[in-house]
Structures are given as C-alpha cells and as structure tokens.
Amino acid sequence: MSEERWEKLTYWPLIIASVLFIVAYSWQVISVPTGMAETVTRFVMFATWAFFAVDYVVRLTIARERRRWFFRHLFDLAVVLIPAMRPLRLLKALTVIAALQRTAGAALRSRIAIYGAGAALTLIWMAALAVLEAERPAPDSNIHTFSDAFWWAFVTITTVGYGDFYPVTSWGRTVAVLLMTGGIAVVSIVTATVSSWVLEKAVGDDDDQEPATRGQVRQVARQITDVAARLGEAPPERRDGPSLGS
Amino acid sequence: MSEERWEKLTYWPLIIASVLFIVAYSWQVISVPTGMAETVTRFVMFATWAFFAVDYVVRLTIARERRRWFFRHLFDLAVVLIPAMRPLRLLKALTVIAALQRTAGAALRSRIAIYGAGAALTLIWMAALAVLEAERPAPDSNIHTFSDAFWWAFVTITTVGYGDFYPVTSWGRTVAVLLMTGGIAVVSIVTATVSSWVLEKAVGDDDDQEPATRGQVRQVARQITDVAARLGEAPPERRDGPSLGS
Amino acid sequence: MSEERWEKLTYWPLIIASVLFIVAYSWQVISVPTGMAETVTRFVMFATWAFFAVDYVVRLTIARERRRWFFRHLFDLAVVLIPAMRPLRLLKALTVIAALQRTAGAALRSRIAIYGAGAALTLIWMAALAVLEAERPAPDSNIHTFSDAFWWAFVTITTVGYGDFYPVTSWGRTVAVLLMTGGIAVVSIVTATVSSWVLEKAVGDDDDQEPATRGQVRQVARQITDVAARLGEAPPERRDGPSLGS
Amino acid sequence: MSEERWEKLTYWPLIIASVLFIVAYSWQVISVPTGMAETVTRFVMFATWAFFAVDYVVRLTIARERRRWFFRHLFDLAVVLIPAMRPLRLLKALTVIAALQRTAGAALRSRIAIYGAGAALTLIWMAALAVLEAERPAPDSNIHTFSDAFWWAFVTITTVGYGDFYPVTSWGRTVAVLLMTGGIAVVSIVTATVSSWVLEKAVGDDDDQEPATRGQVRQVARQITDVAARLGEAPPERRDGPSLGS
C-alpha cells in the first residue's frame, strides 16, 4: 500500500481517535473518575494510544525511504513512547485538519483567525490538563483545580503572567515552556489577524495603496513581451538577468 | 421600512442610549447609589436595555432574509438577553461610530490612533466596571475599588501583569479573558501606530524608498497599453495571464 | 522676532536647561539634599522652570496665529503650570534633539537604534524619579530606593512585570500608565530595529529579494515614457489613471 | 600576518574554547565543585580566559588601523578585563558561527529559526548561570537552584514574568536587563519565524500575491531597455531619475 493511500484511509479515524483521546483525557484529569468510569477512560486512552502506535509502525513500514522517514518523524515516536507527551498527540490532528482546510476555498483571513483561535484554544486546553496532572500531587503547588489551570494557561499564553498561579514541578514547567514557545506564536498570529480586521473595519482599504504583488509585475512583463514581439524577433543581448520567477 | 432607513433613524438614538447606559452603569458600579439616585440609574439602565431590545426585534422583523440575519446577529441577541453581558452593548456603539468616521476624510494614521485609543479606553473602562461588579462581593477577591479595577485593566491590556490585582471569580476571569483577547489586539494597533509616528518624526520618510503600490503598477501597465496601442492592434497571443486587478 | 529665529536662538539654551533640570531633579529625588545642596537644587529647578515659562510666553506672543498656537501647545502649558508634570519637560528636549539628528546624514537604522535607546533610557530614568517621588511617602508602598524604582521602570517598559515592585498611589500609577503607553511603543521600535539588525547579521540580505520601491516603479514609468516619446506624440486616450506620485 | 589569516587560524580554537568555557562555567556554578574538580574547572576557565586575552592582543597588534580597531572592539576588551562579564564571551562564538552559516546554502527560514533558537537557548542558559552566581549568596534572594534560575530566565525572556522568582542584587538585575534587551529581540525573531511557518502550513502561499521584489522590477526595466534598443538610440532627455540600483 502507498503512503498516500494509508493517509487517506486513516484520515477520519485519526481525527476521531484524537477527539476520543481528548475527551477521555479531559475526563480523567478533571473529575478523577473511579470504578466503571475509570475503566472506560483508561480503555479509551489505551485504544487511542494503540491506534497511534499501529499508525506509526505501518507508516514506517511502507515508507519509501525508511531511514529518512524515521529521522523526520522522531516527534511522532516520542509522542507514542513517552507517556507524559501524550497530550501532544493532538498536535498531529491539528496538522491533519490544516491539510483539510487547505482544500476548502474559504476567505484567507477568516480561515487563519478560525484555525489560529482553534489551535490556541486546543493548546490552552491541553496545557491546562497536563499542568493540572503534574501539579496536583506536588506538596507546594498552587494549581489544584481545572478552572485555575485553564485560567493559568490563558494568562501565560497572552504573556500577562500575573503570578497568582505558576507551576513548581519539573514537568509542569516543561509544559509551561512548550505553551510559551508554541502558544505565543499562535497568539501573535491571531492578534495580528484581529488587528488587521479591526484596521480594515475602522479605515476601509484602498487596493491601489496596497504593496504591489509579484503577479502584477509578471503581468506587466508579459505586456512588454507582447510589445517586443510586435517589434520583431527577441533582441540577442541583455537576457541574462534574474528570472522573474525568482 | 427598509433596513437602511431604520439604521439611519436609530443612528443618533443608539449613540445617545449607549452614552446614557455607560454613565448610569458607571454610577451604579462605582458609587453604589441608594434611594432616589438608585431609582434613576435603574430606570436609565432599564430604558436603554428596552431600547436595545426593541431595536433588535424591529431589525429582525424588517430583515430581508430573517434566518440569515438571526444567525449573523447572535451576539446582539446575547447582549440583550444575558444581564452579565450588558457592558458589551457599548461595542455596538463603537461599530456605529467607526462607520461614521469612515465617511469623514481625516488623515489615516491620526484616525487609527484616535479610534484605537478611544476603543482601548472604552474597553479598559467597561472591563474595570464589569470586574469590579463581579469581584467586590467575592470573599477572597482583591479588587474592591474602581481605582484598583481601572489600574488592573490597564496593567492587563498592556500585558505587564504585575499580579498585585487579579480576578478570582469565574465571571471576573471571563471579563479578563475578553479584555486580553480584544484589548491586546487594539493596544497592538495603537502601539504600531505610535511607533510608526515616532519613526517618522525621528527619521523622516523618503517616498521613493516605500514599497511600490498596486496602483503604481496598474499605471505602468496602462502606459504600456498606450505604447502597444500606437504599434497597432492588440496582439492575439499571451493575454491569458492573471488580471492586474487581482 | 520671527518664530524660527527664536527657536534657533533658544536651541542650545533649551537643551542645557533640560540637562541642568534632569541633574537637579535626579539629585533632589535620589539623595534628598539638605542645607546648601538643597538650596542649589531648588534654585536650579526654579531657574529652569522660569526659563521654560518665559520661552512659552515669548513663543505665544510672537506666534503668527496665536489662538491656533495656544491649542496646539496645551501640553507645553500643562508642563509649565502643573508641578507634578515637570519630569515631562524633558520630552521637549527629546523632540528638539530629534530635529537636530534629522539634519545629520548618519545611517538610518543606527540612528533609530541610538535615538530609540536614548529615548527609552530617558523615559525609564524620569519615570523612576517620578515614581520614587510619589511612592516614598506613601505608607503601604514598596518602592523606596532609586535602585528599586529604576529596576521597576525597566521591568515595566519591557512588559515583563514581575510584581516585586508596583505603584500604589494615584500619581505613581499615572506615571506607570504614561510609561507603559509611551514606553512600550519606543521599546517596540528598538526591539524591531535590533531584530532586523540580528537578522541581517545572521542571514545577509539579497537586495533583489527586497520589496520593490516606489522610486523603482517611477523609474520604469519614465523608461516607458521615453519609449513612447520615440514612437510619436502622446496618445490622447487612457491618461486618466491615478498619478504615479500618489 | 594578516587579520584574515589570524581569524581563519583561530576559527575552530575559538569555538572549542567557547564550548570548554561554557562547560566549565556551568559545572562551577551548578554543582560548586571542590578538590580536584574545582582545580580542573578553575584551570579550564583560566585557560580559556588567557586564550581570549591573547587573541585580543594579537588582533590589536596586527590590525591595519589600530586606533579604529580599538574603539570598535571596546566590548571585546570589557569581556576580557571584567570578570563578571565573562559569560558574554559566548556571544563572540555566536557571531563566529553566524559567519559560518552564512556560507552554507541552507533555506532562509529554517536557518533563522535554528540560529535564533540556538541564540535564545544560549542566552537563557548563560543568564541562568550568571543570575544564580549573583543571587545565591544574597540573604533575601529567592533564586537558589539552577533549575529555578533556568525557569526564571525562560519566564523573563518571553515577558511572561510571573514574579515567583526575580533578582534582588545589583548584578543579578543587570543580567536581567541584558537578558530582556538582547533576549526579547531574539525571541521576537523566533516567534515571527514560527508564526510565518505556521501561517504557510495553514494557508499555503500564492507566490503571485507576495509583494513584488526589486529584482523583478529590475528585470522589467531590462525588458523595456531591450524594446527601446530595437527602436533606435537612447533618447537624450529624461535619464536623470533615481537609479534602479537604489
């Protein structure tokens, strides 16, 4: 089976597994279920883990250049092997959904805003879960409820950082560092998009005042070629400049 | 009656109602009036609420495509129905004023700076009122005076976040999240505008070094068309490129 | 006497008065001098105040359109009349020095970086002095030494905001708000300049990949005009487009 | 010997000395070695210091314009003479590695991201070491372990600033100020690069919609010159515009 076919086949199962995983993981961390509920969440989390592991092995097996594939997917391996990294499984789903959206023909800015806001919310949600799991058992920690963890994640990703809640364990701080590194970039995208939307609402835009595009200049170049064609054959000298395609 | 006529008719009443609402709401939250004053502020807030509700119902009734209008104005419905969201009514007035300014011919940057600064101040003011209303009754809260709430909102919107004041109630934190999301974007607009103003003051600008505009390239394309016109009829081939209007 | 002559005459005196003022104000706030030293600092501060007041009155008197000048220089009036605003006198000197630099032919980016860093340091220094003056007498304040105030101003202007020091008095918070509003813009300029410098150092730049400039397109337009001139007189139609000067 | 030859000769020794220095300095600060280990780290730090000092003296001696070289390398002198500034020696190595990367033909954005991330991590690591060295002996300090110092540096460079840890000594605060000034710029580069990468992943890019480049316009200008060449000799008037090379 080719890589493309496998990816097409596992497209919806991967998204469904990611959603199931986030639901089970959220349930497990937020309400610490016991008895039957605990069995169910544990089973769902094991099943989604197994699915990710099988997907990894299959893709490694059918890869054309196995060695190169292995080194390009070390992140996928870590997500499968290291239990503490399981919240990152969701990032995989995010990449897949991005591919989906690329095919859709929605307007550019609203797509960025929706996708960015979705990615930011997912990051905040997963970081809140992971931090809560890491901090709750620590004796001198101050994040003990999901509501506080969610608030902490939001205060962190916007770089406000009140300091009313902060992680004290090694893993909690690692989650915070990942949230800052990835999240601040995503938030800056959303902020920039919102800014440009507000600007357009308040100001209106004059297309003639936008920076010229490469496509425009290429069209001008084609026009000149037309003019030159009418004047006779192409001149022999001065065609050694950089191509307009660059 | 058409939608446009209704909007023109309610233009000034809506702005006046918004101003009355902000005055009454500020008075109610800041000085917690009793007796006659309480009756007046309560009446003004009820009257402005009724006005917004009537405006909503009328606009829904006269809308050409009612179903589409309903889904596009869910925010307006929430503002009318949920008491805690009433401070957001002011955002409506901001949108209306923006429309007003678009017709005026003022210089671009000063308009952005004034509108952005106005929007930021309104957001800070309303967030301070809403947070104070939410936090004052909470037993373990630290925001108890309007002066502290106003200072907190300013420290939050600039992402400084000292942590001397922070919300502890669910609604207070929701207000903070809204302030961060909307406000940081507005502040980044104002900062960018001030930066570009300072840069221009300190450096001066050379128009020849600015990025070329689409209007300029279109003008060049027109010039070439003129040249081509003088050489004879338009050539038949190579007119299939992307339009310069794109 | 014309406005220009007065401005030329008072150019160096104003800068010297600003420097004297900052030295005397710093001395007064930092070491709280007594006896002879107190008399000297008080005299210098009075003398520079008198100089600014005289400069204001003279410029108002010789202004061509007195009413317009008055409304355009309300800030200067406030600085002269309100004692608490005296640290802002320095901003005037900054504007004057900016004018000086504009005439110099130094490279663009280093000029922005030096001027921005100078403005940021002046803002930090004056904010530290003003906050210390406001906070020291307050009973529940935590900023009591100039070293702490200077550190606080730096932590604030970079929006880090640890919260180890923060103002508690109304005037101290007003200074903080001014520092945030003005300072964050200046810091963002310096950061952007440093970023572009680091980028150029690490990457090198390919001029061919920079955005096209308006001057370039104007030159292309001139070339086409040359070609058209050789083909005969200007064609009568299609000259109604937007001017390239826009 | 020429400057270029000396730089080529000391290229790898300088990088190795920098790496040895960072290892020895990290060891000394983190685990406070005693006995044999202390002797080794002290010797390595002295040896690398001696190497930097000799390199400085040789480069000053063989410089073509010694006076100019001296004033352009005051930073190098400070790093050699002032013990507290030794962590900054590493910045030198960063500049050298940057020069190395410029010759490599890797893709632009990944190079910026890798170099920026490397520079940010080096800054965080060295700032953590320097702050720990400064704060540990202070009686009222709160940064006592390397883990806390590293966490503090990360929270500072992202401008989150919880305030759970902050420097209290003069030298610790100076390190913090350097970290903020240099680091925030580097972090903003990495954030901008990650943002543009995420944007491209989520949106895809249409080369025709990118801003036109100077190289493109130069190519168009060459095309017009070709057309003009076929029409006869260059026209005498209107060649006085700004050169396209500007």
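Things worth noting here:
When the chains are written out, they are named A, B, C and D in that same order, and each has its own residue count from 1.
FYI, a residue touches a chain if its C-beta (ideal position, glycine included) is under 8 Å from a C-beta of that chain, and two chains touch if they have at least 3 such contacts.
No experiment lies behind these values; they were computed from the predicted model shown.
Think of chain A turning onto chain B: fitted on CA atoms, that turn is 90 degrees, to the nearest 5. Shared numbers divided by all numbers used gives the overlap of an interface; between chain B and chain C this overlap falls below half, so the copies present different residues.
Taking each chain's centre as the average of its CA atoms, chain B and chain C sit 29 Å apart. In whole angstrom, the spacing between the mean C-alpha positions of chain A and chain C is 40. With touch defined as above, residues shared between interfaces to two or more other chains in chain A number as follows: 159-163, 192, 208, 211-213, 215-218, 220, 224-225, 227, 231, 242, 246.
By the touch rule above, chain D contacts chain A in their complex via residues 147, 151, 154-155, 158-164, 191-192, 194-195, 198-199, 201-204, 206-213, 215-220, 222-227, 229-231. On chain A, the positions that touch chain D within their shared complex are 95, 98, 101-102, 108, 111-112, 115-116, 119, 156, 159-163, 166, 168, 170, 173, 177, 180-182, 184-186, 188-189, 192, 211-218, 220-221, 224-225, 227-228, 231-232, 234-235, 237-239, 241-244, 246. Considering their complex, residues 159-163, 208, 211-212, 217, 242, 246 of chain C touch chain A.
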